[in-house]
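Structure provided below as structure tokens; questions to follow.
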Amino acid sequence: MREIINMIVVLSLICAASGTLLVNLKQATKARIEQQVLLNVQGPTLMAVLKGCDNDPIADRKKVGDVTLFPARKDGKLSGVALEAFAAGYSGDIGVIVGFDVNEDKLIGIGVTTQTETPGVGTRIMQQGFLKQFRGHSLDGLDLSSRGGDIDSVSGATYSSTGAVDAVRKALETYRRIKPQIATLWAS
Amino acid sequence: MVASSILVLFLLGLTAAAILAVASRLLHVAEDPRVARVEACLPGANCGGCGYPGCSAAAAAVVDGTAPAEVCIVGNIETSQRIAAIMGAEVHFKEPRVATNICSGGDRANLIFDYKGVEDCRAEALLYGGEKSCGIGCIGLGTCVKVCPFNALRLSEAGVPVVDWNACRSCGKCAEACPTGAIRISSVTSVLLHLNQTDDCLAPCMQKCPAQINVRRYIQQIKQKDLRGALLTIKEHNPLPLIAGRICPAPCENICRRKIVDEGVAIHTLQRFVADWEMQSGIRVPLYCNPPSGHKVAIIGGGPTGLSCAYFLRRVGHEPTIFERREHIGGMMRGVIPEYRLPKKVVDWEVQTILNLGVETRTGVAFGRDVTLKDLEREGFEAVLIATGAWKVPPLGIENDDAEGVVDAISFLERFGREGPDMSGVRVVVVGGSNTAIDVARSARRQNALVTVLVPAIQRKMTANKDEVERALEIGADLRFLTAPLALHVENGAVSGVTYCDLAYDDPGKAAGEPKPVSGTKAFIEADLVVAASDRVVDHSLFTDADGNPLFKRDKKTGGVSANPTTLQTDIPNVFVGGEVHTGRNILIQAVADGRRAARAIHFHVTRGAVPEPDNQQVQVIPETILKNMHVTYTIPRVQVPLTPLEERRISFKEEVACSISYDVARKEASRCLRCGLTCYDADAGAEYTQDDDVRPIDRPGSE
Amino acid sequence: MEYLMLFISAIFINNIVLVQYLGTCPFMGTSKSTDVAIGMGAAVIFVMLMAVAFTWPLQHYVLTPYGIGYLQTIVFILVIASLVQFVELFLKKVIPPLHASLGLFLPLITTNCAVMGVAIMVQRGEYPFFKALLFSLATGLGFLIALVIISSIRERLDISPVPAVFRGIPVALITAGVMSLVFLAFQGMAA
Amino acid sequence: MPSVIKEFTKGLWDELPPFRVVLGLCPTLAVTSTAENGLGMGAAVLFVLTLSNAIISALRKIIPGKVRIACFIVIAASLVVAVELLMQAYTYSLYQRLGIFVPLIVVNCIILGRAEAFASRNGVIPSIADGLGMGLGFTMSLTFLGALRETLGNGTVFGIPVPWEAFRPAHLMVMAPGAFICLGLILAGMNAFNRHMSRRKGEIPTEPKNAACASCAACNLCATARKEN
């Protein structure tokens, strides 16, 4: 019996000790990791979407509620914002970053951040042929042609296309909802 | 997050440890703790050699009592001892075994086709038994090497497996995998008691030798300067190399393949050389013997058969006792065969070597007179070997053959066969053509007698060794070939002369069959002493029970005691018979061979209760091994054995006629050996002596 | 259809050993004979299913809700290790014949990265529970198939004229390379 | 002190993983598509191995035998999580490229193998030396393999193009088949080298003993291997 208790105590204590250690490490690295994740996961797509800005959108990011907004500035003036939204694709969520032109109220463009679509089929939503349809699109009437909009889905990847468009539409709604606050966010 | 992290991990560790702890309690399988301890003793190779599916299964079997402590065939005695200690059992002796490759031919064998296929001997063997013409040889693709779980095998340059005997654990996987049987598991017992089989790799000499000595191997060992190894090789099958090397007529040399090219290898000279090397060194090479098994065997007769049988029984682990009628062990070898052929000190050395192994002797005890089969049984002997020899010389069977001055050869040799009274002027007539007759003639002549021998055959057909006949002629014995005595003349009750007639063969050219007297021929020779030496036969009067009835059947052909020819078992199951008492008058090496054959039978009789017939026993020379043509590159003259000068021989008994040869000469002679296999041989034998003047390449007809 | 595709993809297109390099150690170590390979493969399938069945709920009901996903590695490996040890004890007591045939391989599996890999992959792929089980079954099957194929080839290689320096592991690795090349062809199936 | 040096150097050649002692094949094959990945993976293993060896040898007297493996695993896993966090914080792109193989360091047989075979039986200093040596050897091997594959498959080393215009890289080498084939060739090369060396020393060249056993993931758990040691 003593042996059993010894067994249990040692293993539990080692577990607890490692938990303590790790949680502190996690706390210490938390901020850095978050930034690294943004930089590496959203970063490349974000920079592609907000092409031509002369600030660092990640460093200047701000949060409204639970939405993270990335500003783009040109010549010191806020020209656009980008935000990420998710929707279910063929398998798993599709993450899309949508850039909005704050001055003209239209889309700058979109980029796919995360997806787990079938390689070679669903992944074609990441190709320019599909993505360029969003460039400069107005805020209204953005939907798949099958649903009365003007976005053509990728042939054979209807689910993936739908997911991407859904995500963009979600981002659109968010943008509309928080648009009033945007101007004041980077007022300085 | 801090609290939850620590808590979750803590709880997880707690649960895992708790579940495992509880599970190990609840789900504990009651296992005999000894199983684990026994298994820890086993090597853990899971080779399956023991017949159980793995070491843990074997351990379980040991613990539940179905397997003995020495279950593991790959473990050594220590393994068994440790297991026995755990089990509280006694450990029995387990004979060490080892894998041995019998094929030495390798890539010199003739190919019947070129094999290019799966690299596996078993696969190649499916195609006409492999690419090599020899059906029993090593195929050489190393399947045995691949299956060996102990890395104990590798392929030599010649493409035959070499066993690392330190690593080999005798699991038997290689032997099981070998399709030709070239690799086998052998032990001391199996090597010592193995009888030639038709599927062994037998050179002609090894087939012809009654003792089945591994001639090829010991000659190679001499060549490789391993005299100790050579001696041990000889002693695998012949415990009397000193003696056989001196008096064996060497049937092996007659069938030697080198005879096709030049002259046969001097096999028995080399044997004597090796044996002399040991004796002259003064230190006996230790011979491995199994520890005593507790089986007691009585051996009646201390001649070559009895000694040989005792030697083999002792080495495989039994406890023989020799009962000898006379005061000395050695039989005819000591006291009958004259000193100049076989010195007494040589015989004594050889006998002592055997007795040193732990053979008991009781001298002065005659079978039938002092001890009977019943007595022996009562004393706890489980088997008896009768090896009393053939000592009775039949009377001449002519007129006056019991007169004074007529003696039999054995009595003569016993009485006069040593340096004795001067016999100057004594006229001796010897009747017979055997070695005994020649011994008598030579002994008498050396004592200055005038010797005439009436030989009932031509010189070529005499049963005596050719060399010995030469020696007799050299010292001036008068050999009258193709003659037979008709009557003895007696004066004053003592013999005064012999009348004899000529004999002739039916076909003088072939000289086959018994020669018949030629009518009308008659001659007379004066004689003071007539020695009957025509034959020696078995004295059956020894073998009677209390009521005077014969114990054994008599073999009509040989005149000896009848027995199963392979097992030498008589009609009484625990009584075996061997040597001249079974075969009638014969050569020494046959007696040695019989001793070994009897030892094999007795070993099986005492350990298993029955004697198995050997498989594929080689009885006759295997026809395919007798080659017609050979392509040998070099011819090397056969060694000439130095002889004691004639002058010394005339006057003395002491000097051995044939002397020893030197080490270098012996090695050169050994290099003449073609290392024959069943059909293959070394065509380039002796290539290392090409610098010598007397070594010449043989011109091969048609080679230019 | 979706499940069928997932199934085939996990077995062939994304074969765990030959395409994803997971579990190569036992793939080399236990592929000397087909019997051993089948035993190992079966044991891996079994443990993979069990591992996913245990780790999935843990991830979804403990780690994610409490926001301690970063502890995934330590939690999963602890669960798998304890599970394997428990299963061994359990089989030994309750189903000895099964223990006799699989027991030898169970301890080997604790350190089999294929099992741990699958447990993590179903989380990264965010599969629902049933799909995760199916995925792990298919992955295990893929492992079994690859193992059986290479063990059959290696049994033949043993008796083939292989240059001495390539004997054993090197030639097995090159064989695996060629097999991997073959499995790459399945990727064309999905396109 | 010399023994500590010996423990350190044996991992660099005599027991060099994974070429001499075939251990830890998964990361060896999976992450060596470039030299940089190989180096990164090697460094991560070096870190975990050295620390886990140190901790385990320090705790070896406290850990009860029955939960030995579980304890080793927890310690190794904690270190792996720490490495994961650190990599995310400082070399995120490398972390992304190594992907699932970072958490899988915990089941790398080198870690548990050394824990069981060395750290649980030796003091802290030798254990650290052992871990450092083995880890460095592993790092070197992985970097070498990565450089080789990157050269053959991509025409670059650490991202720098090879200065040979006519060279046409075979993309296959950075894919799964290339990994297997490259490692196979390297092992064969090691065998050839060993045979050459032993022949020069006049020994009989032997087959690498138990090569298959050494490659198995679980020497520490395997009954056969334990008996052979």
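Read from first to last, the chains carry the letters A, B, C and D; within each, the first residue is number 1.
To be clear about the criterion, a residue touches a chain if its C-beta (ideal position, glycine included) is under 8 Å from a C-beta of that chain, and two chains touch if they have at least 3 such contacts.
This is a predicted model, so every value here is computed, not measured.
The chain pair A-B and the chain pair A-C differ in C-beta contact count, and the higher one is A-B. When every chain is reduced to the mean of its CA atoms, the largest separation from chain A belongs to B. Inter-chain centre distance (chain A to chain B, centres taken as mean C-alpha positions): 94 Å.
With each centre defined as the average position of its C-alpha atoms, the distance from chain A to chain C rounds to 34 Å.
Distance from the chain B centre to the chain C centre is 62 Å, each centre being the mean of its Cα atoms. Remark: chain C and chain D have CA centroids separated by 21 Å (rounded to whole angstrom). Contact with two or more other chains is made by residues 70-71, 74, 78, 81-82, 85 of chain C.
Looking at chain D, residues 66-67, 70, 74, 77-78, 81, 85, 207 sit in touch with two or more other chains.
Along chain A, residues 7, 10-11, 14-15, 18-19, 22, 26 each make contact with two or more other chains. Chain contacts in this assembly form a complete graph, since each chain touches every other chain. Residue ranges on chain A touching chain D, taken from their complex, read 3, 6-7, 10-11, 14-15, 18, 21-22, 25-26, 29, 32-33, 36-37, 39-40. The part of chain A that touches chain C in the complex is made up of residues 15, 18-19, 22, 26, 91-93, 116, 118-121.
Those residues of chain C whose C-beta lies close enough to touch chain A in the complex are 2, 5, 70-71, 74, 78, 125-126, 187, 190-191. Only residues 59, 62-64, 66-67, 70-71, 74-75, 77-78, 81-82, 85-86, 88-90, 92-93, 96 of chain D touch chain A when the two sit together in their complex.
Residues of chain B touching chain C in their complex: 1, 4-5, 8-9, 12-13, 16, 19-20, 23-24, 26-29, 118-120, 123, 143, 146.
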